[in-house]
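Everything on this sheet refers to the single structure shown next.
Residue numbering begins at 1 within each chain, and the chains themselves are lettered A, B and C in the order written.
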Amino acid sequence: MAKASVAVHKLTSCSGCQSVILNMGDNLLKLIELVDIRHFIEAGVNAPDAQVDVAFVEGSISTHEDEERIKRVREQSRFVVAIGACACSGGVQALRNVKDSAHWASAVYADPGYLDSLADSSPVAELIKVDLELWGCPISERQLIAAIRALLHGVAPVLPTEKVCQECKRAGQVCVLVSQASPCMGPVTRAGCGALCPSFGAPCYTCFGPSEQPNCDALGERLVGLGIPAQQVAERFVSISAGAKPFQRAWARWRIPVKELEP
Amino acid sequence: MQQSAFLPHQALAQLFDVLQRDGYTVVGPTAEQGAILYRQLDSVDQLPVGLVDHQAPGRYRLEQQAHGRYFDWVGTAQGLKPWLFTPEQPLMVAREVEGGLRFESVHENVPPTAVIGVRGCDLAALALQDKHFLQGEYPDPHYSTRREQLLLIAVNCHRSAATCFCVSTGDGPEVTGGADMVLDELDQGFWVRATSPRGSALLARLPTRPLPGWHKRRSKTLRKRARVQQRALPSRDLRTPLYQARDDETLWQSVADRCLTCGNCAAVCPTCFCSRVDEESPLDGGQSTQVRRWDTCFNDEHSYLVGHVVRKSAVHKYRQWLTHKLAIWHDQYDRSGCTGCGRCITWCPVGIDIVEEVQRLCTEVKAQEPHE
Amino acid sequence: MNDPWLPQQAVVMEKVMETPDVATLSLKLADTAAHQRFRFDCGQFNMLYLFGLGEVPISIMDLRQGLVQHTIRAVGRISRKLVALEPGANLGLRGPFGNSWPIEEARGRDLVFITAGLGCAPVIAAIRRVIAARPDYRRLVIMQGVKHREDLLWQEQYERWREVPDCQVLLAASEEKQAPFAWSLGMVTTLIDKARFDVNNCTVMMCGPEPMIRASMHGLEAVGVGLENCFVSLERNMQCAVGLCGHCQMGTPFICREGPIFRVPDIRQWFLLEGY
């Protein structure tokens, strides 16, 4: 049987998810034997227009070029997998979706006229049909391997939508929100990282985007109740997955200064 | 045979020695990540000396006090559950072989394990998990393997946390059964009682002395003091009010609005037994492992049924968890599934209080009853 | 201790595509002794395992010519792959699990089967057993509902049952424009009024989608059937099949352990509530 052909595309992103693939060690060698990699710029294989069975897409739709590029990727690929927070929710760069960002360009760039960016940074699924999303900033190697294995078996992988808390408790970690009043986003964040930050005593930063049924109102109220300023609570929701709708709504609610909330 | 004696405080190290010489892995409380946790211990020095826990809904803090007692804390972040019903348990390995598939059981070598410091509520919870995992038609071999290796050295609580309500469930603060040995700790040492043949054999090898009368009296006073708790369930069998409340979804909306459906309550509950089965394969295939993981009725996947989720809303999820724990358990396992440990209150990130919710539900159900 | 988690190797011996998305697989256990020992009671289920993918509960359709038969619709990631298996393929099997239809207790009574869609598969063997012992039972009514006429599995089987003495076969199609010959138009529950049986001395067995079961319960009560004589086969997300994983609890019962077949009053309080 012919090997499945694969492309790894990059849109607007930091290349961190591509690095996860390159960093798989033995599994990278196995992957090369199992599939035929046609395009993967970070690995030096450059054929962005190759027809493939499976395309992994890293990055958000942030520029006009991204817009054109992703449409071609869809036409060239039988199965499209969005990988990482950028491709799944717009990524860190989607902060501009919720902020008045016009002045940023002039503050950062000497000559902003060369910039070509869209008003919003969008997840891939807003422009094309996406067959599978692997969330994470960056994606988890374990989930990536499970997904590739499942695709090789001819089925969609089973990916968790439960909360980080579930992985955190299975890993035997103590809840940092309860024991340290730390602003942990685990209760509204999709599992997949293995509760990485709480395992080091740090709060969750929403890297894997919104979980199923995220009760952002209740978590936000709790964090404010713990004495965390509302503006900081708002920022916790939009740090990494700012393009995700439940987090945008939480941002809109909590960025209001506390005194304005009082009657 | 001697059943009751005094063990000087500094002689606790010898209990460790005896157990370790007998090949036991010693598990006991230690302070880690800002909480008391059960961990494998090498020596008595790892026990939490003078540490006291302060618990409240959604809050847990440790305080260092000046005394030298090891067991003055009340609640560990987890009970015995992870030591028996492990959070991630391989169940079966399938291999592709010449001529088909080969299936292999997963066998574990579990050393004899002595757990020191267990409380009454957690022993009661262990008895409930035994019922679920061992006493049905299909006992779970993985739970069974670990259970058979367990030696339990319990401690009577001399304090209650603000979240404790074991008096109302009948499971504490004193140990009500299930241990091999029970300790009452005062500054000078321990009142040690053997409560099983293995416990007696162990006691005989410790450098004990006759128990002073004052130690016994003081212990009993402290145990009595621990019975004064801030929280209490209205009764042990809550089937009548909760089955009434079950039928009115509006009664559950206020708690559902606050509930994160994160499942922390179920994860820390010492009796919650749900698990799911995941399939895990290496990238190059060839073999595949079924792994059992802790699951919770707060997850959509838990009630997934051909294309839809039976319990989708937080109302349905919280109602399932609470009615199961406090009512349905009576019909399934002849008693409530709650032993009053209060972990679900402490470790709920938003501080939902099961006792308060039950009291509210009971009051609201009563208010709905037609007046005579 | 027996390992309840360990499947046995099974091989697909025959496959029949019943409709474009429904297949009947006839399986043989690879271990000859185990295969010869394999027995089941009508209404029980097996856990079928596909390598690398996982397990699903599938009711046992029948045991024929020594082969274990499962009729499977391609609806989920595993069932789709099961339907795609070809003879010679290997899989894992654990079972049989669960309780059975009360066909022994129902001797001397009228028997009524109400099924819809693939709900017919878990009762086929029971109907066959009853017909093989025809004199032991009184009247027989078999009702089956489908969306379209071509969705009906085993049409010839149903036609043969029409020939059985004192056996009424009623078929309904809910999404046809006109009723096919000898069929009714509508849901299977519309057939209850057409069925002739002794409401005071009958045993009813139902299997199908939950809304259909609820409607049938109402329809049966309306014609005077006591629900204590009605039995239903239920489904939940069974992952272990041995009463341990907790997924299949519907209120009190574990469906894998006390079910999948329940006397209606035993399950009614949970079954009629949304969210249990």
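Keep this in mind: a residue touches a chain if its C-beta (ideal position, glycine included) is under 8 Å from a C-beta of that chain, and two chains touch if they have at least 3 such contacts.
Note that this is a predicted model, so its numbers are computed, not measured.
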item: Most widely separated chain from chain C, with each centre as the mean of CA atoms; value: A
item: Chain pair with the higher count of C-beta pairs in contact (A-C, A-B); value: A-B
item: Chain whose Cα mean lies nearest the overall Cα mean; value: B
item: Separation of mean Cα positions, chain C and chain B [Å, integer]; value: 40
item: Chain centre separation in whole Å, for chain B relative to chain A (CA means); value: 36
item: Chain centre separation in whole Å, for chain C relative to chain A (CA means); value: 44
item: Per-residue multi-chain contacts in chain B, two or more chains; value: 278-279, 281, 285, 295, 301, 312
item: In chain A, residues with contacts to at least two other chains; value: 149, 153, 158
item: Multi-partner residues of chain C (each touching 2 or more other chains); value: 52-54
item: Residues of chain C that touch chain B when the two form their complex; value: 1-9, 11, 30, 49, 51-55, 75-76, 90-92, 235-237, 239-240, 242-247, 249, 251-252, 254, 257, 269, 273-276
item: Partner chain B, residues of chain A touching it in the complex; value: 27, 30-31, 33-34, 145-146, 148-149, 152-153, 158, 160-163, 165-166, 169-181, 184, 186-188, 201, 212-213, 215, 217-219, 221-222
item: Touching residues (chain side chain C, partner chain A) in the complex; value: 52-54, 77-78, 80-81
item: Of chain B, residues touching chain C in the complex; value: 91-92, 94, 96, 100-106, 132-133, 136-141, 144, 243, 246-247, 249, 273-279, 281, 285, 288, 290, 292, 295, 297, 301-307, 310-313, 315-316, 319-320, 324, 328, 331-332
item: Of chain B, residues touching chain A in the complex; value: 32-35, 37, 58-61, 77-78, 82, 87-88, 257-264, 267-268, 278-285, 293-296, 299-301, 312, 314, 346-351
